[in-house]
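Please find the structures below.
Shared chain: chain A. Partners: chain B in the first complex, chain C in the second.
On to the complex of A and B.
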């Protein structure tokens, strides 16, 4: 919740609509909030003035250049008012306005309100009308350069890429963001989005494993890249334990005394999966013990805040294992009887 | 107990009362969403067990005020029934041109009904049929919902609002629940969080919206056991001391609700660290004038105050009422709602609280 509306954003020489001769033909209409309203906003004089005239043009359905200008003032006072945005679009349409100019205008509004839903929605509608996404990658890049995790900007960017097939250079952009901040989860997500579009071929999976591994070597305790690695293996159709090189990499880190909870969590998943597939009873027991040991380390030392969770993980695993054993024993007994 | 460690209940109650009354002009950017502020204030007072701070006459005043925002479309006109968020375009003399722009908005409709229920209203003035038609009218082909009939975005937030409205009114009309579930399933990410829309980044708020909508529509069983375990992992990993909304983002008080409620629905909240969570939330309360903020020593607001209190409710803070996680109202209000539903009822009473469906050990 922010309070980014400010009268100061209207120019200092701003003249109330009530005093403007070119608006003398319009009778302002007051807001009617009925008897005893609650959550009342003590509107400033400017706010009241502008919205009194906004209601007036809405009532007369006036769609003119001056009405367009009025919506601009109304939006400067409250950029979240979706009715004003809608009416602005209705005016733009009725007057056949130059929409490139409108894009320019939204550029400015977005840079003032980069986390406002209505502004981005307006942008999208105008781009759709123009059927021209040529400026969208630049715009979102500029917003993301201020805040590389701005969810609105990413959503707009994904929409533009999907709608207008702009995937081609996206991997390079994402790569740059990841090298600037390897913990940027939004960028990792975008990487996944682009890869999925082009398809997870075995070559891509191999390359991406390497990409992730190299970045884990830089910073081990980075959840974003661990999640990405898990996703690549999973979405590539292979189970995580089928990639021996990943397991070897994790073991190597572990043997080098890396105790990041994300590494250990990954190892726990790998060992559980391997264990449940293991045919040999002895190896299975060993893997089972490993899972318990790793969880125990989490509980006692490496991830104490989640100790109840890791206890739950090891308990659920034990149950699964016992069930598996009982099934196998059952089958064996069936065979001998 | 020292002051920082205790919750300043009376100050928070006063804080909410101020917002119910009058907002300074610098908050004019909330002019179109005043109903949500009433929701945070009223429901916040409720979970503080301080609803009686509002005088009975004022309760009636708030109820009347909310009903004035109800829009009911006429037969044959564009279907846009629901609640407006404010009176910005309301005029004393009705005007047809203006009426064309009066649309219900799903978030306002959800928060208006939740507020009415919490205030003990009998919902008799609610045009339930029209409202459900309004919800169905904004469902899109991909299963998601727009906020309003025109001029607004569509995403997981409004999927949640739609599900909450239908669950509260115990009527899904022609809403396509299966399509809605498809949309949700398609928005589960590779890390098992849920995004705001398809392949966006997983996010704590939208993960709540998704899981709650599935529960409210009785479709939690559409999540595979593997997915549920993955979601639990993703959610539990959001705890730092309080909770963050995305990996590698700062902790924020409101995620003690979004993540906490998601885990509650999945029966896994007990696996979190209560003490760390509680300490973080309390570190963001303003002990002088009441209210909570997202970070310590920051600006308080009704949104973070309400969700901070919800977070404390989940860790069983004394004096705070229990929350019904998926509807995001107190259990007390939820029970009143169930009574009302019992009186309507030609429909099969749909059991909302199917939390236990998903009790996986």
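On to the complex of A and C.
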């Protein structure tokens, strides 16, 4: 929950604020835990020293270079303290500080605390103040090279791309990440984000189907790419079964004895949709049997943990199918009478 | 054919029963026994820490183990008289997250009148943006978590009419992805914690019909791993808190039975610390109060007989919401 930064992170030659002559004019303010504290605590000395002085400058609204330095110490002890970040911004603004320098400082803090909400937010505010996103793709790339699924870094990257229109080379970057780890769901999501921006033309849909198919050939049991493929077909406005080549590809895998639950789930979707559109009664029966068989395989062997889900799928499919049959029979009877 | 999955192994030695008394002790002593450093480090989320402890104990019907009076006093001191919002701790700035925690605690203690409720409503309304989204505080971070907090707070204090609900719904729906899930903002990756916020949001605002339940519930079911635990995103490890978020979302959508409850129970019980009490994020790790609440909450959703029924949307005991006459929408299949 909290970062495990150690109490000793301040430099070894560090002097407590209480002993500093240039801080002698400030009276530290202790944390008031009240008469009946919820929990009895004794703060560590260093922490107490820094935060007692922080409370003092906060109370007197002091905005000075030394106050800026003090926030740095306070954040080194606890980078998640949002109040310190906020006050730091107040000081930066009041003093008209060099914000490029601040970006460099944030780089360091982010590399120590890459999953900290506050520091990413601080970054965004400073980039907005500067109206200069030139370093954001590099920064997020470097964080993502350590953890390719870091949610904060992806959010920040999307924000920078969207706000400053930096879409142009993003597909190349995403392609590189997917090549490194084809299961990286965040990278697939980013791919979708970029494609959506440029629009799903028939050419794009065709290209992306091929892209996904090639990655599935590499690793079959990859949830991310199957979801991506479904999204491309769906958001492209085409119904899944309109792309016969996708069905042919899935059948090919299945015939080659691939039994990934994601493949079978996809096949079930395709067959259901195709079946409910099929005009020919015999073909419809055959597709219906196929759906039931595939679901049965999931229930009994390939996805036992979710067997109740598959039972639900097959049951509600049967209902739809029966309703369809009843309607068709009704129409036929109307026609002959 | 076996496929490789990121998962944990649960050894036979892990606990299989709920260590009820141990957890009561763990939560009641939380803070007293904590080392100072840990306590200092969590100051910025103290209000939520208290909510986690209070709710967990209430679900175990042991609420009297905490000192109600001092907790209420603490909350009163954390409300900002100008903005009306509540801070994590005295001396901090108010924030939507801690305002929700404070309101939840006061509802459990049945003493909402101890703070300036109109001020809370004013604070939440002030954070809504023209596109319907919400800032977390005056600094302008936007996230679907804050949309959830906003409607949850306002419903608990019976003031939902102070915001533009249709706009708020529009924003949340704009965060829905092709896989049926939701992220923190439009186009952000689907994430179980944020799905919980969005599904909870829609259940509070009576808009569950906007969900593609089949698709979303399927994505959520896919979060269950062979160990029985649930993860928050594809390829991530299982985690007790994600187990709660996924399970609560499925419960709201009436599809809890689509996953294996038995296996999930085994996973959650294996995350108990047999020495100190408390739950950790996953088998073998150190416990914390956050995962302790969500472990107990998930077990309650699964119908554990030693725990009170929890409300899946608010993560508070159901009787509290009944008393306040708050009905959240739940789909029955």
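Here is the rule we go by: the second predicted complex is superposed on the first by the 325 of 337 C-alpha atoms of A that agree within 3 Å, B and C clash if a C-alpha of one lies under 4 Å from a C-alpha of the other, contacts with A are read in each partner's own complex, and residues count from 1 in each chain.
Everything that follows uses one rule, which is that contacts are C-beta pairs under 8 Å (C-beta built on N, C-alpha and C of every residue); 3 or more make two chains touch, one makes a residue touch a chain.
Computed from a prediction, not measured in an experiment: that's the story for all the values here.
Just from the overlay, do chain B and chain C fit on chain A, or is there a clash?
clash
Now for A:117: first (chain B), second (chain C), both, or neither, which partner does it touch?
In the superposition, A:117 contacts both chain B and chain C.
I'd like to know which partner A:319 touches here: chain B for first, chain C for second, both or neither.
In the superposition, A:319 contacts chain B only.
Which partner does A:260 contact after superposing on A: first (chain B), second (chain C), both, neither?
second
Looking at the overlay, does A:30 come into contact with chain B only (first), chain C only (second), both, or neither?
A:30 contacts chain B only, not chain C.
Does the superposition put A:47 against chain B (first), chain C (second), both, or neither?
The answer is both, since A:47 touches chain B and chain C.
Could you look at A:61 and tell me whether it touches chain B, chain C, both or neither (first, second, both, neither)?
In the superposition, A:61 contacts chain B only.
In the superposed view, which residues of chain A touch chain B and also chain C?
Of chain A, residues 1-3, 7, 31-32, 34, 36-44, 47, 51, 55, 58, 77-78, 80-83, 86, 89, 117, 121, 149, 151, 154-155, 158, 183-186, 189, 192-193, 196, 223-224, 227, 230-231, 234-235, 265, 305-306, 308-309, 312 contact chain B in one complex and chain C in the other.
In their complex, what parts of chain A are in touch with chain C?
For chain A paired with chain C, touching residues are 1-3, 7, 31-32, 34, 36-44, 47, 51, 55, 58, 77-78, 80-83, 86, 89, 117, 121, 125, 149, 151, 154-155, 158-159, 162, 183-186, 189, 192-193, 196, 221, 223-224, 227, 230-231, 234-235, 257-260, 265, 305-306, 308-309, 312.
Give the list of chain C residues in touch with chain A in this complex.
Its residues touching chain A are 1, 3, 30-32, 34, 36-45, 50, 67, 69-71, 73-74, 77, 87, 90-93, 95, 137, 139-141, 177-179, 183-185, 187-191, 217-219, 221-222, 224, 226, 228, 233-236, 255, 257-260, 263, 288, 290, 333.
Could you list, by residue number, the parts of chain A that touch chain B in their complex?
1-7, 29-44, 47, 51, 55, 58-61, 77-83, 85-87, 89, 117-118, 120-121, 149, 151, 154-155, 158, 183-186, 189-190, 192-193, 196, 222-224, 227-228, 230-232, 234-235, 265, 305-309, 312, 315-316, 319
Help me check something: in the complex, which residues belonging to chain B touch chain A?
Chain B residues touching chain A: 19-35, 37-38, 41, 58, 61-62, 64-65, 68, 87-92, 95, 97-98, 101, 105, 147-148, 150-153, 189-191, 195-197, 199-203, 232-233, 236-237, 239-241, 246-249, 268, 270-273, 276, 301-304, 360-361.
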